[in-house]
Amino acid sequence: MKSVKQLDVKPGMSVKELVEEMSKSGVFGAGRIAQALQILKDMKDDKSCVKFFGLAGAMVPGGMKNIIIDMLKNGYIDVLVTTGANLTHDLIEALGFEHYQGTSQVDDKELHKKGIDRIYETFMPNKVYVELEKFFNEHFKELKDENNIKEFLWKIGSMLKKESILKTCYDKKIPIFCPGIADSGIGLMMWGHLAKGEKVELRALEDLKEMMDIAWTAKKTGVIYIGGGVPKNYIQQAMQLTKGASYGIQITMDRPEPGGSSGAELREGISWGKLNEKAKHVNVICDATIALPLIYAAVK
Amino acid sequence: MKSVKQLDVKPGMSVKELVEEMSKSGVFGAGRIAQALQILKDMKDDKSCVKFFGLAGAMVPGGMKNIIIDMLKNGYIDVLVTTGANLTHDLIEALGFEHYQGTSQVDDKELHKKGIDRIYETFMPNKVYVELEKFFNEHFKELKDENNIKEFLWKIGSMLKKESILKTCYDKKIPIFCPGIADSGIGLMMWGHLAKGEKVELRALEDLKEMMDIAWTAKKTGVIYIGGGVPKNYIQQAMQLTKGASYGIQITMDRPEPGGSSGAELREGISWGKLNEKAKHVNVICDATIALPLIYAAVK
Amino acid sequence: MKSVKQLDVKPGMSVKELVEEMSKSGVFGAGRIAQALQILKDMKDDKSCVKFFGLAGAMVPGGMKNIIIDMLKNGYIDVLVTTGANLTHDLIEALGFEHYQGTSQVDDKELHKKGIDRIYETFMPNKVYVELEKFFNEHFKELKDENNIKEFLWKIGSMLKKESILKTCYDKKIPIFCPGIADSGIGLMMWGHLAKGEKVELRALEDLKEMMDIAWTAKKTGVIYIGGGVPKNYIQQAMQLTKGASYGIQITMDRPEPGGSSGAELREGISWGKLNEKAKHVNVICDATIALPLIYAAVK
Amino acid sequence: MKSVKQLDVKPGMSVKELVEEMSKSGVFGAGRIAQALQILKDMKDDKSCVKFFGLAGAMVPGGMKNIIIDMLKNGYIDVLVTTGANLTHDLIEALGFEHYQGTSQVDDKELHKKGIDRIYETFMPNKVYVELEKFFNEHFKELKDENNIKEFLWKIGSMLKKESILKTCYDKKIPIFCPGIADSGIGLMMWGHLAKGEKVELRALEDLKEMMDIAWTAKKTGVIYIGGGVPKNYIQQAMQLTKGASYGIQITMDRPEPGGSSGAELREGISWGKLNEKAKHVNVICDATIALPLIYAAVK
């Protein structure tokens, strides 16, 4: 058995050195951060591994956008599955808007009067939706005939000039899946046109073909989950077509005991064949805005 | 100020009496259960209120199916939004299968060998998928041309003989939305046919028309969220077309601090206009398999 | 394997019937409530079992006092270990004060100006401390020479006329341990006299003799933990003198992953010999103000 | 309003630079880590501020000992309040033992047979208690007449040769309070002698004099809480003798909603006068083994 080495910190130490110390203590949250780093490295180094990244939670309003973009550009993500909300906030920033540092100790009635939407302690001016609408009005014709959500999102990405998740996926031709697209500002904007009697071709299940094909043909697979929800579950079900993922990292604050998929420990996936029984895997119980930068800064 | 009356329990007391006692203590979890009961009653009694019910989490494997069916039949739910997973498990039971009382203290490798899928401490034989596949093979032709997810789900409901959520929604003509249908066993079964080159018409955004129309034309609205995820968020975005929901109940174990929609306190919705600033609303921080039966048994 | 029976609720059903239904679903929170009920019954019926009850958290401000008193009177608790805070709030109510139903959505500065102390959403007038001080001034002479914390608390109990935890423990001669007595309003009031140069005999370790003796001589033991902290841990360490507790119930919202004793699952105690390897035991992940009344109303 | 700058990570970046990036995103967990760093700096730079540090949870088995020692040596802690458990594990390591990296996915019955005690995923050989007993046998005479817990702990510290929290507090004459000393291995070892009829003078309330005196005479105060329990609450009650702490940092995974002190947000203390209404304060919702090294490595 390895001993729990009491962790040392030093002036000016690098993030890499800090996580190295965490690997020496090896237990609890610190130990799991270190394990996640090691698994992320192994997954990256394994050339036969296709890496699926599930991104849920308010990660763009939470400041994680650039890390995701950086991971997309540097080969840490081969397939991205995310929520419509994250893509909407990504698009909003690509259109020139920003999110703001607010507080949860606030009178929401006052915010409503001021036209500020609150995402826990992030504020966003409601007027972004005007610009969003303008964008979809301008581009509706180019988008309405797309029947595949991934292609639809890539098309949006192709229209953007500012660095963004959408643009990066398009530029790098990284498949981006968003099964719950109807549940988002982007969905809403398209609905605005539907409501006026226009047609939108977007199919609900079309993307499954490509998603499943990638899983099926992959020699080996790895999964990284930031939060749960549809992104995690959509990747999990694809893993059933594989021999089970060989690598797994999950960062979440949800609990396993109430039984939902979001909080489920990765090892549960072994019973389903979603995770390989020899897989290296770790559950990091941590706010992703802390854990993800810490792990990624250590690997970079 | 009302005092915190120390709660009394009596032999043979009814659930109604227990929650009445909880309303007298009035604070913490107990107080919130009591508030939720009151709001549920008010919502029901308000004839102008359209009640949206968002259902996430493993609620069918968790034994909550009959309560949902009962609520659908008795006017507590006018619109149901749920996950593909819950509908898949509902369908599995409608096809004659059951879930089993297992344990999380188990070797998942052993389960895998035995063909048992684990959902925290619920077990399900993996062979249900064979029967599920058979069902979709038999009915594929009737389902493939449906372009609306709600209609698609109603159609499945119309084919079922056993009591189920799907059948009840069909029988009672209660709209049932499932934007993330691709992310489920049902989605997978349809994909099986897609993969063979068949066509499936299901549109991703089509249902938004009806969902938004219901929200837009409702005099007043109420929301009930069991867990978060897409079901909650999809209802929340529809609420923006209203004057904000007048009633709100949320039962979840997710935390607000990491910023995600699932754990967000309802009052946050006031800033967005999703919740009316005069709304009666409560966040119950509790495992839904405890809180929902407790509240519903007290109102019934 | 027992199947997960979908739970049914009926009009006017009793709490006992509801928890019976929960035992039929048998999983997640509902299943654990039902298991806790069964273990509580078994523990009560086992005449050779000495029942240790650890009470942490703001349970008196949370409305749980009468249930604790009822459990003390009806043989569910043979040994009570609790925090100084719960005893102080118990004493405050015994002196004629009440706690109030407040809210956490409040400006604490305003509360401070009004002399209101907040315990999440329970309010308490700060002036209770004046009366508390008066009580300890009047009785200081009777209390100062007590060298045993249990005897000291019993003596306080003997001075009270109103129903309370302290009075009940005294009346029923139920040992009440509070190792962290210095950390409480009661401790503060005694310190007021210490600060004036008076002497207080209270020993820090004296009670360990009786506590350990009870554990050592018990044929069998059972443990019930509401929250964690010192009450849980103090009982846990006593269990090491036994063959391990034969029954265990824990109700907490704390998580196991960060490693602290409060969130630790009971089974961990098997490794230490604190829990017998054949013990019936359950961890209920729930706000105790919901779970405790539910379980106790079902057993009563 | 400051914008949420999307956080950037760079190869080889220092921890300081990472937390600086977190301060630019400014929200959710990352933002709170950055706020905690700033408050820690401010507290340290404020020469009139007496810094109280409350340490709960399994922090020595979790690898945090050296950071605590480093903080004690470098002026980040003027008063330490902790649990008996942390001091026992500190003493165990000072006597030459180690803790080990284990796993929670284990059969506790097997561990019990092997004589291994489990603390979530940290393992400890049970035989440490033999050595612990020997230590207290050897030194009992020097310890039995001490009537003050702090002096008692300092005396133990004076006997140690290996670096430890106890030795450092003694060497640096940093007051160390442990009101719940009876609830620990150290308490147990002393009880062993009590049980044989020997006398131990340790008083339960004696230390309150010094604790309260430090709080009372401090020009300004700051509080840092790792976890909750007695350490937090004991400091909180002392703060009532001050104008309220001017600085506050809390790192915990406990939730506020169930009402207990451990999960209570710091701002609640304003109502009590425990926190100054102008105090800089932050609640970091994070596993302390992640947050503490991150913050401390950034300040060092």
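A few notes on this one:
Letters A, B, C and D mark the chains in the order given here, with residues in each chain numbered from 1 onward.
The definition used in the following text is that a residue touches a chain if its C-beta (ideal position, glycine included) is under 8 Å from a C-beta of that chain, and two chains touch if they have at least 3 such contacts.
A quick note: this is a predicted structure, and the numbers were derived from the prediction, not measured.
Any chain that touches chain C and also touches chain D is listed here: A, B. The fewest steps needed to get from chain A to chain C, moving only between touching chains, is 1. Contact tally for B-C versus B-D: the pair with more C-beta pairs in contact is B-C.
Because chain A and chain B carry the same sequence, their contact can be compared by residue number, and over half of the numbers here are used by both. Repeating the C-D interface, with the same residue numbers in over half of the contact pairs, is the pair A-B out of A-B, A-C or A-D.
Separating the CA-averaged centres of chain B and chain C is a span of 35 Å.
A separation of 24 Å divides the Cα centre of chain A from that of chain B.
Chain B and chain D have centres, each the mean of its CA atoms, that are 43 Å apart. For chain C, the set of residues touching two or more other chains reads 27-29, 58, 61-62, 120-122, 253, 255, 257-259, 267, 285, 287-289.
Listed in rising order, the residues of chain A touching chain D in the complex are 1-16, 18, 21-22, 24-31, 33, 58, 60-67, 70, 93, 98-102, 105, 120-123, 253, 267, 285-291, 293-294, 296-297, 300. Those residues of chain C whose C-beta lies close enough to touch chain D in the complex are 56-58, 61-62, 83, 85, 104, 108-109, 111-112, 116-122, 126, 149, 179-185, 187-188, 190-191, 194-195, 200-209, 212, 227-230, 233-234, 237, 253-264, 267-273, 277, 287-289. Within the complex formed with chain C, the chain A residues making contact are 27-29, 255, 257-259, 285.
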